[in-house]
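Take a look at the structures below.
You will see two complexes here that share chain A, one where it goes with chain B and one where it goes with chain C.
Let's look at the complex of A and B:
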């Protein structure tokens, strides 16, 4: 017997899983606990769509389903806030989440919307064991919740097919991020439940770049997410000081 | 056992100019893969009911939209540009009516700020535009009996029991919108103790593309140039006076017109049916509900004094097309509250400001109180001397100020 945690426990913190599971039924309430995720939806979907079209081609006049023919894995899919739009755009989507309750909520909602999405209560290691690979793997607002970012990204990268794309979003470890993402969003504005984020788990773009490189992925394209208090709207920007996105290709 | 509802991406209730233009714009933005149904209680293209003798002032912004939709070429020959507007402010029996303000009604590059088009022509041209887009499904002769929104979509039940299902339902069903009532959205508004008389006349002399607005004590009397030696008269009267005038025989009716019209266009003759319209104003308390959006007169009915009702509706069309297209291109649920609230934020201020401004104009000018007459004469005289201010009013009425949606700028979505 050994005291060392198993591999999956090293990449998932059980207390974090439970906390999100309690919130599962709230996923699709745009004015509920996940209001902020709904608010940033248009900006982050813009990043995902644009990077996918840039990398895999197509787009412009491709009609309602420009992502047809692409397979996409959403790691930590929650209630399906990213899976559903990607499926509507034509992608063949698999969503995994370690919390059964999230997956149940996501399945119910997708059925109501008439969307065929493969939702599974699974960990990335389960998919690696199956030998699964996808054109694109998205890990959004996940990296800042895992204890070992390097190990997590290495495992994720195995799931990207050669020539494929890894898509990430996370929060930078800056004073500005501490003030805005923790003090501002959790304590002052109450956008997020207190305790959602821990500052020391935030990842700088340089660190993320090194982890991605170690995982065998290319130099990431980075974009920031900016909030305009006047219009109460989020948009993509060049400022990566707080929330930011990254897209890194796996050599073919 | 109920039959399955027919699936669409968007169902539009109301096949008037606004509903039809919206369908064309959405189809162009998102392609023929987008399934749109337009439902109307009357059959499309049928000439049922009394003829609508009204004409509309189509702003430059609306003209841009119609051009992008490919509807303008068919309409151009029936559209009379208005390149100048003369305003007078007189008592009814004043023989001499000095022109108080005369302004150049053009926006950049001499483009007319307004065209006058007969409503029937406009509707026919947009309907022809719809028929060139075969992916748009027309369901005529079928009133919407009821609708029910849930977490995933809306089910629309027609009077004949037919059921449609879509993520988004658009109410373009006019001033007495049944969908607005069914959604429990109230209106703020009132009826004016005035009626609008509308008639087309032909006249001896050319109008030279000038519109004339007499501010008579009972309210505005507008002479809007139509193609040829014709004009559409839109005229406000106290309710009982208006009814009495419309009930006169042709000779009597014509003499009432001439009394107000003046003689600057020579001899006049009636050239169309006369219409009498109640004047009212309302503003819906909300522009959206669960999976429902209000556009056009269902959302806002403004006093016709500035001829802006139709243009406000086209601004709804342009903004909603952009909001829905942006959302669909991101794969978002186009009927979700996050999408609909963007439309509401975009359109609410414009609709409220327009309603208040046109109501204020009407109150200001529907008065024979001498002091008020003097004040407004001074005010208009002042506006006349400030070209920049006049230019702003012209651009505002043309729908080219504020956050202008792409279609009104003449750009595809």
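Let's look at the complex of A and C:
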């Protein structure tokens, strides 16, 4: 394995950044190009909240701001679809994205919601250089877009404080995922712009587990995300064949 | 910039009050934007509401049931009879709550008693406030909140506006939701009356070509009446002397309730229907008749609205729990998923039930006669139908389950 990467080329693909930047203004349109992200929102937020409360405790503080006192970094925060709910639940949230347009859109929206969120046009390497660490680091729908997953997760893990938690969501590299996420979602249903995903970059739970272990994190808790065509809704499930979530702790 | 409340409920009828109470019970800060409650004016409403079991459970969970239980009559059975002069007549069928192991299907309650109980519960709720206004003139959805412009000049803001102000609500237009409306060539005569024979807690539904005639038990030897007729006949009947009206009704009821007396004032309600294509959009949720109007058949009208209220309380409370924007697209999508199918199915079923009686088309008579015949002779199918009638599609909202454990009460 290589040294801890500090150069951006290892973790960022410029063509990927540009493509999302063009879509930045559409982040908050629930029926726009990010409709699917909005649709998985409730299940995704439920996973994050449940795992954070499970790991850090505080479920008994069943108040409206159960994440008060936690610091959370959202890597690849886009328009802030995850940062805002986490801030509402009381967390001190930092959102980073390499695309300036995304950060501008996110800042504007959060101000309208009366939420204080630290948005920065930055890369994970920038935060590592600052020596920043967080109680929890979330990398959602990001891993499948980076060229070197192992290097990316190692850098992210540095940003998790000892005893903290890393939260991930991504797409499995199975035939079913290929059919559903690429053929289905991009070409047939047009939920996502064609070219959003490259199948060979999808990561299996076993591979993710190995990368997390190499990054010094514990065995992840896995949960699947299932789509019900009848109700046109997504919910958490045991089936990790397509979309799945992972939560891995950093030893204290 | 701080919103007046999390949720602003427009309208203080039973559906609006239930929605406000349910959301407050689930931990949200709610303000009711409506004209102030006027008990004397409410008492002028002669109608009664037949509440099905889950609706009664909702009122219990909202601490409103005890205050109106004394004026409610249990509904233990529904007798459906065919009173048409058609070639193929449907046989009589009785749905008995005991077949489901239930004491009753629900209860019939005068609207003023229901409204008084809900208002008292609202006054006692710590998270519920009121803004008195003669009218909401405009609803303006924005990126982070929705503004209500009041007739008196002020305004109120909230994350979510809940329109429960009936069929003439301005909310569907403000939400860019299309409402399909239709009318029936029928008018309902509504009144109440005393009778010498006991009603045995049984609803009588006599299906006639011009529409159903339904008697619904009230406490003691008294029942409320919804008699659907073609409009000219309805006007003629309403203009009869009390004595002549009593005789005609007695004849229609074929002596089931004995001799009639103490007839209440008679009112006319032209029948119409309406259905919104979405249950909400753009920070506006539609509840009750703002979203759907159906003829007064099979005890579905307000029961649909109460289920809307309880379902919306679940959707908003769950959104708050996961940190979501409580007026955002996720909430309105979940609310539409929870209620859209049920509302559409029930509206269609009631519409079909009503329209099938209007037609002289024989094959439909045969089908309806056969269907009722099967119901009359198949306890299993009858139970299935009754359960469906009580529960509707999809899981019951949490506040409609008996003794629901309540968050933040």
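Just so we're on the same page, the second predicted complex is superposed on the first by the 244 of 252 C-alpha atoms of A that agree within 3 Å, B and C clash if a C-alpha of one lies under 4 Å from a C-alpha of the other, contacts with A are read in each partner's own complex, and residues count from 1 in each chain.
FYI, contacts are C-beta pairs under 8 Å (C-beta built on N, C-alpha and C of every residue); 3 or more make two chains touch, one makes a residue touch a chain.
Quick caveat, the model's predicted, so the values are computed rather than measured.
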Legend entry - Superposed partners chain B and chain C on chain A - clash or fit: clash
Legend entry - Which of chain B and chain C A:131 touches, first, second, both or neither: neither
Legend entry - Touching partner for A:252 - first (chain B), second (chain C), both, neither: neither
Legend entry - chain B versus chain C as contact partner of A:84, first or second or both or neither: both
Inset, instruction - With the two complexes superposed on chain A, say which partner A:64 touches: chain B (first), chain C (second), both, or neither. - result: both
Legend entry - On chain A, the residue positions that both chain B and chain C contact, one per complex: 28, 30-31, 38-39, 41-42, 45-46, 49, 64, 84-89, 109, 112-114
Inset, instruction - Would you pull the chain A residues touching chain B in the complex into a rising list? - result: 28, 30-31, 38-39, 41-42, 45-46, 49, 61, 63-65, 84-89, 109, 112-114
Legend entry - chain C - residues contacting chain A, complex: 1-2, 27, 143-144, 318-325, 328-330, 333-334, 337, 407
Legend entry - Parts of chain B lying in touch with chain A, wherever the complex brings them together: 30-31, 33-34, 151-152, 326-333, 336-338
Inset, instruction - Mind listing the chain A positions that touch chain C in their complex? - result: 28, 30-31, 38-39, 41-42, 45-46, 49, 62, 64, 67, 84-89, 109, 112-114, 231-233
